[in-house]
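The two complexes that follow have chain A in common; it is paired with chain B in the first and with chain C in the second.
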Partner chain A sequence: MFTDILQKLIILTVGIIFVSSAAIIFFRQKNVNRAERTQIFKTAEYLNAWIILICFVTTIVYGIFNHFELKKTVHAIVSLNYSEASQALNSNGTRYNMAEIICDEVVERAIKKGALEDVTVKQLKNCLVVYPCVQGGVGDESQYHISTEFAVQYYASKDTAHLDSENVIKLITSSYKEYYIEKYTDNFSLDPEKPDFTQMEYMDIVSYFEKETQAILNYLYGMSEKNPSFVTENGSTFNSIAGKVYQFKETQIDQNLRSLILQNGIVRDRDEYVDRLSYQNKNVDFDRQKNEASYRLCNEAIDMYSEEMTRVVLVPTWDQAGKYYMGRTKVGVDELSVMATNFSNYVASNEKEIMDNNLVIDKIASTGQDTQISSVDTLIDSIYESVKGFEKEAITAGREYSRHRMNQCIAVSIYGISIMGELKTLILFAAFVYVSLVLHHISKKFPKKA
Partner chain B sequence: MKNFQILRYLKKLLPIIIVFCIVATYGVYFKLSRSNTYIASEVIHYNDEQAEKGLAPTGEKLDVNEIKSSAVMSKVVDKMGLTGVYSVDSLISRIDITPIEDADKVTQKDAMLEEGEEYIYEPSTFIVSFASTSGEGPDFARTVLDEILDVYFEQFSQKYVNVAPANNTIDNIDKNDYDYIEMMELIDTSIDNTLSILYQRIEQNNYYRSTETGVSFAELADEFNYLRQVNVSALFSKIYKYQITKNKPVLVSDYTTRIDNNNISNEKDRSLIEDIVTVIDAYVTKMRESGNTNITYEYILDNLHERNVQDYVGDQTVTYDELIYSWRDCSESEEHAIIDSAYCQYILDTFTNCTGNCGGACTSSELTCAELSNEQYAAERAEVEREIDELLNELTALYDITMKTNDEYNKYLGASYISVLSSASVRESVNVTLYTAIAFFFLIVVCCGGAIVLGRAGDIINYIFYTDHLTELSNRAYLDKYLKAKDKKLLDDGVVYCMVDITNLAHINNECSRDTGDDVIRMFKNYLKENFGKSKTEYIYNGNGSFVMLTEESDYITVEDIMRLFRLRIDEREEHKDVVIEYRIGIAETFKENKTARKLLSEAIKNKKNYISDLNHKSVL
Partner chain C sequence: MDKKRNFREIEKYPDKIKELFDEVIRDESLDMWADTFDIEIIDGEKIEVIYHGTESIKSFKKECKKILASCIYSVMGVGTKFKISQKRGAIVLSAETRKNIKALKFFVIGMVFVCIATAVIVVMCNYIGNRNFRETFYSVSSIKVDSSIRVIQLSDLHGSSYGKNNTKLLKRVEALEPDIIICTGDMVDSVKEETDYAVNLAKGLSGIAPTYYVYGNNEAEDIYDFPLNEKELDNKFGFNKDNRDETALLKLKDPYEEKLEGAGIKVLKNEKDTIKVKTMTVDVYGVLTSNPSCFWSYSENAFGSYVNENKDNFKIMAVHEPFIFEEFNPDFWGDLMVCGHTHGGVTRVPVLGPLFTVEGGLFPERSGDFVYGRYDASGRPLIVSSGLENSNVFRINNQPELVVIDINKF
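Let's look at the complex of A and B:
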């Protein structure tokens, strides 16, 4: 602020000298004739030592203030390096919004990251501007352009004058990069805390492990669908890791752990768990009854169809591969048959669930358990460690793929003060000072009276 | 009158014209800049093939003007923190949506319509623009447009693609309003609904994973299932086992009413089923009687051929099918109500069951048997309350993740259904530079034209008022004007005033004739002009045979020489040799003491000397 005022003061002083000298010459020119005027201009001391010295000193002082002023302005270029950017999309397929580069969350993150003091999000945001480096037009298709490079400009205000401009722009761009990677790049949510297995029923622990491994498998299958041939630095593919996880799930969780718990009837609170399974059976049975009723009604509805009203014929048509086959006209009976099959499946599923629960209840009731508890607990810990290991391996492979595909997503280049630009300003200012001083010097030679 | 010389007119006023034009052009620039607006525009395209039929993916009419609906704009205002600064309506009025038609499709449509065939084509590409004032700047226009489209893409997906939301229906549930079992039923129903929506999403896009939350819909479904299987069922079983209730009579009344309602509903359903069966029988009978049941395969194939089966033409379910479906639905509703009644009866039995520990007191009491007899009841009730709170917290957190994942999925779907062909570009509504340049040239042309007109008008005025018609030189009025103009100015060095008076003009007029007098005046003018030649001289005829020559950039000696030559020329004249001409010549040059025009002129008058040109005798000084 102080430098800004001083800089303006210098320009104002030189400007006043220029204008007043020009005015003096203009008003006094009638006091001399043309020949005298020419003489004055011819004999003026254009290389007066004082003029040159003052000009030099003023320019130096101005240059110092100008340098400090220029340091307040700095800009950076944010380039989007991933393939979806050319469709104006984020890397997760959502619409890209340039304004997010300086959104509240990014600015807040930058303030926290740099431990910037005495500045609010609003104050800092007011100093930032973002715009595309190249913008197209909408006149015709040849003008269409999707911007993938954006300039972020920072100009320090009086509220942020105490901050280092280059540091601020670095913080903003790196915060944006973090924000972008967190929000828009491939992500896999980790369960941060180890559950307290001692408080969980053993069969619930099996369900928990199944859930966790299934999540890892989903992630790996999803990544594999994006790029099945991607090979990590360790020589694995997403499918090979998924195969390992699947195998582990089948053998260690579904067979070993579940079997050990089931066959030994291991349970923490026998009564409570049996009550729970009984409730589940009762509840599932109501669902089974409903599904069975629906299944029966679909079949009865099919039976109700009058033969005369359900004529079908074979129709030549073609399948998705473009090959001909003989299709048949579809009627309500077809729809009802499909529905009946679905309900039948639901009934079967309900019945299986009830039978599974009954099996567990029977095993708990018929077997002693205490002998195997310690080996089950050991197996649980071992499985947990393995699952976490698979989680890490999957995430590492995913991040490696992201790096490979998106080339770090975003590249940032920061542009500070240009020395050439500063020099240009100084030369122009020096010329201005020189002209003003020379004019002032000449104006003194014009007589006040004719 | 002087010749028409454009450059002469322009030369005089050129500096003024340039200064005026620069000032006026700056004024124009300032005004244009202040009243200019910035227009940010983006080109969007609806990718769904239904869009070219004017339809949204759901088959509803696609209304592009939803981009500027208040629903979208109010969200934009909230998101940008502009509440109270801008009204929604004022921002809506700045949005413009322009369709871009595909020329090929339009031609195809016109051709088809000419053939009398139906052809539906609606533009699916649009330019969406937002205008900001010069004070708000171009960045404001760009940012608002970006936000508008962000919100619109999401809303489009919500409304037309990802229709069913996975809402948290148990958020802020007031536990005081419900009994434990009711609350658990609400939680269970909420999970059930959420799961069915999540399964729909999984079917649509099995591998979709939110980058923000890091979970897929399948993982969310697994989490909900896990909670249901473990926590919900544990709570249900505890509530049943310990008969935990807030108010047994109210609970019993509620479930009894539910059974009664089911019974009533079943009565209605049974009646409906009978009616439908009657309608079905009547329908089949009528169809049989009217011969519509003897349908051959040719008839069906002809019907298929008549319709263009390549195009999906919507639901083609026939009335007979609908009647059968109605029968099935009503029957299902009845059967499910019976099962629900059985469930309610199970609840009633559970909560009214007496284990005998209370000594049968519970049958006539407002408390359950467990409440009366089980010492652990209070502790179990408190435990259930705590566990419900925990479950609600877990579910709320899970719903938050579900909502975030769903929101991102909406954005993803929105962006896949609507693509951006050209990202936001900002232009000025008026090209200030171009219009300023045009204004400058226009002003130059007008000013130059004006200068020429004024200059020529000046010539005419000069000719009428300031020109002597006998000699075609400037007249006395001009000299007066000249002197007045020079009153406050100093003359340059080298200005020489010269006066030539024909002193015996009256005598020549009287003796020879007036024409001879005029001829002598004209002869003097000619000789003066001839002798002053190309010197920078202004000639004035002051009347009564008096000439004034105002010469610049010269000196006394030069003018004196010119006048000597002039005298010689008079003495050697070929015309009016018989006329004796008496004349006086006065010359004065600028010096320190006579630097004003009047002083110099009076000096010239003072310096006048007499001459006679008598060709019969020698000219005498």
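Let's look at the complex of A and C:
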């Protein structure tokens, strides 16, 4: 603020000298004839030592103030490098919003990241401006432009003058990058905690592994859908990893581990587990009865449906290619038949679950010796390690793909003080001071009266 | 004129003429012409007036010829022949030129004064500015991290203090919430005299985050009493290229290390340490034998195990001097390398960059040396800190810095 005032004061002083000298020359020129006027300009001391010295000193002082003033302004260019940016979208397909670069959350993060003292989000935000580097028009289609580069400009105010401008803009842009990654990009993380298998029932451990492997498979299938041909650094594709995981799930978890546990009726607390399964069966049976009743109800409703009301209604419509066709609308009986089918499936599923549970209960009750416990525990540990290995492999592949797709996500270039720019300003200022002082010097040679 | 006047008499004529001339010009207010000429007598009868004044000879003739003639005639007789000539090589300046010269002198002196004053102000401002440190933020990306990791690097303190017991420095480090702190050497000038200083700092840092310390040349030479290069190491242990033992140096007694580790920080001497940061695993490797001559011969195995084991871990390499990165180009140094030593070239000249390093001479960055900032080493970021030392008056445009590195996944 102080430097700003002094800088302006210097410019104002030089400006006043320039204007007043020019005015004096203008008004007094009528007091001399043409020859005298030429003589005054010819004999003026253009290289007067005082003029040059004052010019030099003023330029240095101005240069110092100018430097401090320029240090207050920094700008950065934020470039969006991922493919969706050209459609004004975030990497997850949602609409891109450049105002988020300086939104409250980003500014707050920047303040926290930089441990910036004595500044509030509002104060800092007031110093920031964001705008697209290239702005299109709305006149016609040829003027449309989707910018993938945005400039963020910071100009320190009185409240933020104590902060290093370059650091502030670095913090803002890196906080935005973090914010963007968290909000819009793929996130991968491994579950670092190994569950305590000693506290879990063996069949629950099987379910845990099934759930884990299914989650890995879902993730890999999802990634494969995005880009089936992506090959990782070690030559795998999402599908090839998924194939390995699927096979492992089928053989090691479903066949080996599950069979071993069931065959030998291995259980930690026999009575408690049997009770739990029995209780589960009761609940499932209750569901089964409900589903069966619903199924019957749907069938009765279909029987009661009037034949006249089941006529097909055709509606003219057009497909995506714009071609007309006659669409068949659904009527009430269609909905009822779909519901009946669903309820029937639920009943089947409930019955299967009850049967499975009964099988487990029978096995546990019939065998009852835990001779294979140690081999099951070993198998569980080895399966756990393999599952974690697959998880890691899947995540690494996902990260590689994400990195490839995101192409560094967001790139930031920061532009601070340009020495050449400062020099240019100084040269212009020095020329201005010199001209003003020379004019002042010349103006004194013009007589007040003719 | 009597041609047979004796020699003694003739010899006195010039003085007599001058005396007479001086009297006449005093009466006629022409003092400025006094002592502006010499008189020579040629063949005992002719007079040559040699003018050597600063005014033009034309003006001299115009003003003084008649007076001179009358003086000569009165001394040597009427009709004595005389001529006025200018002394050879004499520079004759006009009044205007002399005025300009005077102005030029004034201007040059003024300029010199202004330049000296500016230089003094710049040096003083820098010196005052260097009492405080700035924070330099770097952003690094790696596929190996899930969320942000913050590393703070302190380097080349050389016993400098920011607040009593470095409280100001420690307060800022704490406020910046680092996950890992790395000291890249030369934290003290003398290990023996500044142990307490280092231990206090170590205690402060270790209370904030896991802290690692790598020796700089100052600490290493003070502890081991010899420079750590291949020749000296071979001499010390009696090794040659066939029987070198990397661990020999590490077995030497190091009370400084004990004190630092007692203060809660880990000194890395050609070794790595693995820590968990959030959900990520980070390997930090510290180089002791950072001289390129002994880097491979005295740390190849340790470096190999750091590079090749647990490749999924994020790997940070800390070394005091950046020379190995200039000299060698292996496939992989680490995911992030940090070093110091150069003091950022001491003075940083706008546009031209760092001015001087002991090893690189003048403008070392121009010859490809790693002096200050962020570089690329085998495709990964290398950060060279300008350090925190603040007592050098020649440290201009190069404020001491605390390096803050944020590692993100993209």
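Note that in this section the second predicted complex is superposed on the first by the 321 of 450 C-alpha atoms of A that agree within 3 Å, B and C clash if a C-alpha of one lies under 4 Å from a C-alpha of the other, contacts with A are read in each partner's own complex, and residues count from 1 in each chain.
The rule is simple: contacts are C-beta pairs under 8 Å (C-beta built on N, C-alpha and C of every residue); 3 or more make two chains touch, one makes a residue touch a chain.
Because the structure is a prediction, the values reported are computed rather than measured.
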Q: Determine, for the superposed model, which of the two partners chain B and chain C contacts more residues of chain A.
A: B
Q: Could you say whether A:293 touches chain B, chain C, both of them, or neither, answering first, second, both or neither?
A: first
Q: Answer with first, second, both or neither: which of chain B and chain C does A:13 touch in the superposed model?
A: neither
Q: Tell me which partner A:185 touches in the superposition: chain B (first), chain C (second), both or neither.
A: both
(Q) Once chain A of both complexes is superposed, is A:419 in touch with chain B (first), chain C (second), both, or neither? (A) second
(Q) Applying the document's definition of touch, where does A:308 land relative to chain B and chain C: first, second, both, or neither? (A) first
Q. Of the partners chain B and chain C, which touch A:115 in the superposed model: first, second, both, neither?
A. second
Q. So, does A:98 touch the first partner chain B, the second partner chain C, both, or neither?
A. first
Q. Which holds for A:263: it touches chain B only (first), chain C only (second), both, or neither?
A. neither
Q) chain A residues touched by both chain B and chain C? A) 185, 187-190
Q: Would you pull the chain A residues touching chain B in the complex into a rising list?
A: 30-31, 33-35, 87-89, 91-99, 129-132, 135-138, 141, 143-147, 182-190, 200-201, 204, 207-208, 211, 214-215, 218-219, 221-222, 225, 272, 275-276, 278-280, 282-283, 286, 289-290, 293-294, 297-298, 300-301, 304-306, 308-309, 311-313, 315, 317, 329, 331-332, 335-336, 450
Q) For chain A, which residues count as touching chain C in their complex? A) 48-49, 52-53, 56-57, 60, 113-115, 117, 164, 167, 170-171, 174, 177-178, 181, 185, 187-190, 192, 392, 396, 399-400, 403, 406, 408-410, 412, 419-420
Q. Within the complex, which stretch of chain B touches chain A?
A. 41-43, 127, 129, 138-139, 142-143, 146-147, 149-150, 153, 207-216, 218-219, 222-223, 226, 229-230, 233-234, 236-238, 240-241, 280, 284, 287-288, 293-295, 297, 300-301, 304, 309, 317-318, 320-321, 324-325, 327-328, 331-332, 335-336, 339, 342-343, 346, 408, 411-412, 414-416, 419-427, 489-494, 595
**Q.** Residue numbers on chain C that touch chain A, as the complex places them
**A.** 103-104, 106-107, 110-111, 114, 118, 134-137, 139, 141, 143, 146-148, 172, 175-177, 279, 312, 350-351, 406, 408-410
